[in-house]
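Next come two complexes, and both contain subunit A; in the first it sits with subunit B, in the second with subunit C.
Here is the complex of A and B:
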């Protein structure tokens, strides 16, 4: 496809601007003026509309296709949430308004949304207070670990280590390291769960806390989770719940009831706000009462007269972690989503997400290897080792799916599974769509045996063919764009 | 050569081999390189740095994943294969020779005993694969 610059035709116009009939009042120095006209594309309005419509048709998203990207919870984003977020009363607010004299009275609706989201997320997660500020999951992790550090500092604890299971998302060790802790990786046991025995051996007074994704990246719920939290508490450590996979348990289990002290929630996953290129994200963090004093400033409080205000009086706060109140528009969309579904709806979300994942797991079991084939939660992890014997690797299966109209699953993650293909269907998809995906996966498994070279040639139906990822990484050259 | 008979191994697939007088070279096994796939980036330590055994001494990144590389035994870095990050092909061609990543001065030779020898590593790979 040609660039808009390449489509340019000398002298063509999209609109005509009237000649200026007022005198120029600023005489700029000659050195500041252009020597020649800017090189802008010259096109008619129709040329431009066709160009960008064509580009938009090349978009691949949940609105166009099934997107089973494991651990990313690529849900459909209900349009009603988008619509409410564009209401002028929300969309046109200036973030400084509530900080101006009497500005608070002009922003009561927005402050109420933030306040109620705090209450709602506390209810869902079993926490006592939330901040809406973090702008992504990993930002939430860092916020949580900084509060963990503040807690230990306050108590005079000298802790140096954070424990993270080897199946964790890479952001967990990264967040802990950025916060200044040493990361210790806890191995998994033969069931694909964090080894309780190894944890006991690694536990000592230096441990500041543990970061746990539950269910984990294999889609498995750790039945020892309460004992794990108790064990961490026995050395005055804190238990951090990574909410990346909260979709599997919403309305069913509350991390707070399991013993967790800090929780982050990915609104762009569990609560259906735009994700990936459509972002931005939002990663609110909740804490139990004894950690609430460390929350970032500001928080929204409800006054006795029922009005809402920002509270900046938090002397023990870890400070600012984001400008203003986080991605308000995203918090608002999630708020609408949660109110729309209610408790029963959120429970059904978890039930259907788990049902869909298990349906795929059972249907594909005869065709792909699966190391941990027990009942899973919201996602299942297959291995393409059988196909790899014919030279068809996980990445080839992924490219083959592109030709069949599906977004590939997450590949080569978690790293504890070889040739991993991590599939998360979410609750949004119909049985018909899931069946089509299953058929495509089965067909790929058969082709991998009979004609592996055809899969190695994929994708052939996409805008660009197979990209040379190695070259792109080794010889990074973005200047030529 | 999948496994070098003269080297000792960690479960995380680093090998270590004596060069001369308590000086050891360390690299990644052929199995590790195969699992990683095309390497796109490598971070190696500075000469003079000291690490305890099983501490991460560097990072390797491939199109598939990123991983820490661990010290087989405690010691001081006395040489770094500076060409390695830019020539990943060299690693796969001669993993146990020109493909060395760091040379270290061992702090405690007794630590070698805890590592797998070639035979044990071969068995370990069978269970892995």
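Here is the complex of A and C:
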């Protein structure tokens, strides 16, 4: 398809700009002006709208296709959340307004949303205080690890290591390393859970903390999670809960009750805000009472008279991690979602997410290998090793699914499973949709035996076929100039 | 309506219908039977002692009730003040076609484009975004976006230090203080030697910067137009940095690049900025859009996602995420950054915005901002007791005035008159208690500027 620049026609305009009502009175020194105009396209509004509408039709989204992308919780994004985010009272609010003298009273509505989300997330996660500032999950991880470092500095601890299970998301070790820690990977045991024995061996006074998802990336809940947290606490380490998989247990289990000290939640996963093709996300972080003093500046407080204010007096804080109060528009959408569902809805989310995942797991077991076939939570991880013997790899199954109208599962992750296909259906999907997906997966397994070459040729029904990623990397073209 | 903290909500129990869960109770029973489990079995792997037994949050609400409730909350926010607030975040006009494009669910309900064959929409739009950022800044390569302008500047600093293999950074205090405090927070646990210089007459302090610049210096951080709105030509600083083997990192205001000399033309090595001015609402601080562009030779040092052009099996043009070996999901603790998300949808908004404004529209809008700011400058300096704080002649759309009294007080009084008149600089700068930062966008009318000038004169 043509680039937007290639459609440009000299002299065409996409917006009539308001006429100036002031004289041009500034004549900048020539040395401060740009030499030639920025080469932006010249298009009519229709040209622009048609271009981007055409582009949109070359995408799969949750609204168009089943999207069981493991670990990403691609649930339905309710329209009411989008609508409320466009209310002018929220969308047009300048973030500096509450920082003016007597300005706090001008943004009481926005502060109320932030404050109530703090309280609600504390209840859901069993924490004592939250910050809404992290702008994505990985940003939340970094914030959490920075607080961990502040805690240890405050205690005079000289700790250097963070433990991370080998099944963890890549962001965990990356976040720990960027905060200045050395990362040690803890192996999994034969049940697909973090090895308790290995953990005990690796534990020493240098350990600052551990980062865990629970259920883990295999979709398995570790019944010994409280003992793990206790063990970490025994060396004055802190336990970090990566909330990527919170959707499996909302209303059933609270990370704080398991012994975790720091939690991040991905609002774009568990709380249904759109993924937007890769962002914006939002990754609020919660902590237990003894860590609350380290939360980023500022926090929202409720005064005795019931009004809300921003608190900037936090001498022990890790400081400023976002320009203002986080991705407010995303926090707002999640707030609306939680109000719509209520406590009973959140519990049903977990129940249905787990049922859908187990249903798929049981139905596909005869056709695909699964190393850890026990009861799972929100997702299950198959392996395409049987199909790979006929030359059909996980990526081929994925491309075959595209031709059958499904977004594929996550491929090749977690890395501890060979030829991994990680399936997370979410609570939203109906039995009918899931049955169609199961049928497609079974048909692909059969085709892999009888006519593997047809799957290798997939996809054939998409806007483009398989793309040459080596060429993209070697003959780098990342901008049209 | 909600009464959080201290009191428990009434919990009326389970509801039959859930609009976002498709399966009926009958279907659930059928599925459970087929796999030989009961509803209780589903959580049987979690010891009873670890379960919480429900949440103390309110019952679910109808959509009608939620919309009424949120409309009432939104009404508590004062958006009807005539705003002259800026500080890096501006009230620019957003064309309707930006909103309509963003509301295409194929864009906003998609995930990161790991399956390129069914993500060409997101991928091509991102490639176009990268191209537009390069064309605006006169740089050669760009990433797919960052969280915001502040995190982009921090990441650029770290990237510059990695390239230079040095630890020292010189940062002028004319860089947005909101970003400077972020950089301080992020650098705390890292071996970064951060030297801050005090601006000279509203511009990056050449003498102090050159004095601090040595063979240990990896990065010089500056901004244009800077936090005070002053316009600078940073060519000399780029040359000085390069002579010492350091990199010049420039944070810029993309709207200004409709007319101003580009960081690329000045010789900058890494350019970042906040993209909010390009079609995003202010939304009380986010979601916003950080961008980052650099020279081609540094492409492989960029953090974040990058989209590249390639071909499919038939030789057709297509786009993929590229250079992924830099990223956390492959490199884990050796990655160039821990970033996983970008701000794809915000980048799309800016791409549509820039396509609608086009070559002429961006130039005209930037000129309008500057003309209106020039008019405001004339009106405000004509008020007895109001003086420009700096001697610098050139400003883009924001400027600092000294008032005869405490600026925060004056701003507070003007709120009562219906104006968010500007930002008091005492919050971030010592000795500037009487200084106010005033921003003017193309949306402000001659009449609004005149009315603020009259109210200000009446108060002083």
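Everything below uses one rule, namely that the second predicted complex is superposed on the first by the 422 of 481 C-alpha atoms of A that agree within 3 Å, B and C clash if a C-alpha of one lies under 4 Å from a C-alpha of the other, contacts with A are read in each partner's own complex, and residues count from 1 in each chain.
We take it that a residue touches a chain if its C-beta (ideal position, glycine included) is under 8 Å from a C-beta of that chain, and two chains touch if they have at least 3 such contacts.
Everything quoted here is computed from the prediction, not taken from an experiment.
**Student:** Is A:135 contacted by the first partner subunit B, the second partner subunit C, both or neither?
**Tutor:** Only subunit C is touched by A:135; subunit B is not.
**Student:** Looking at the overlay, does A:61 come into contact with subunit B only (first), subunit C only (second), both, or neither?
**Tutor:** second
**Student:** Could you say whether A:418 touches subunit B, subunit C, both of them, or neither, answering first, second, both or neither?
**Tutor:** First partner only.
**Student:** Applying the document's definition of touch, where does A:170 land relative to subunit B and subunit C: first, second, both, or neither?
**Tutor:** After superposition on chain A, A:170 lies in contact with both partners, subunit B and subunit C.
**Student:** Could you say whether A:316 touches subunit B, subunit C, both of them, or neither, answering first, second, both or neither?
**Tutor:** In the superposed model, A:316 contacts neither subunit B nor subunit C.
**Student:** Who wins on subunit A residues touched, subunit B or subunit C?
**Tutor:** Ranking subunit B and subunit C by residues of subunit A touched puts C first.
**Student:** In the superposed arrangement, does A:5 touch subunit B (first), subunit C (second), both or neither?
**Tutor:** second
**Student:** Could you look at A:478 and tell me whether it touches subunit B, subunit C, both or neither (first, second, both, neither)?
**Tutor:** After superposing on A, A:478 lies in contact with subunit C but is clear of subunit B.
**Student:** Between subunit B and subunit C, which residues of subunit A are contacted by each of them?
**Tutor:** 170, 411, 413, 469, 473.
**Student:** For a test of understanding, state which residues of subunit B touch subunit A in their complex under the given definition.
**Tutor:** Those residues of subunit B that touch subunit A are 35, 38, 40-41, 63-67, 88.
**Student:** Subunit B touches which residues of subunit A in the complex?
**Tutor:** Listed in rising order, the residues of subunit A that touch subunit B are 170, 395, 411-413, 415, 418, 469-470, 473-474.
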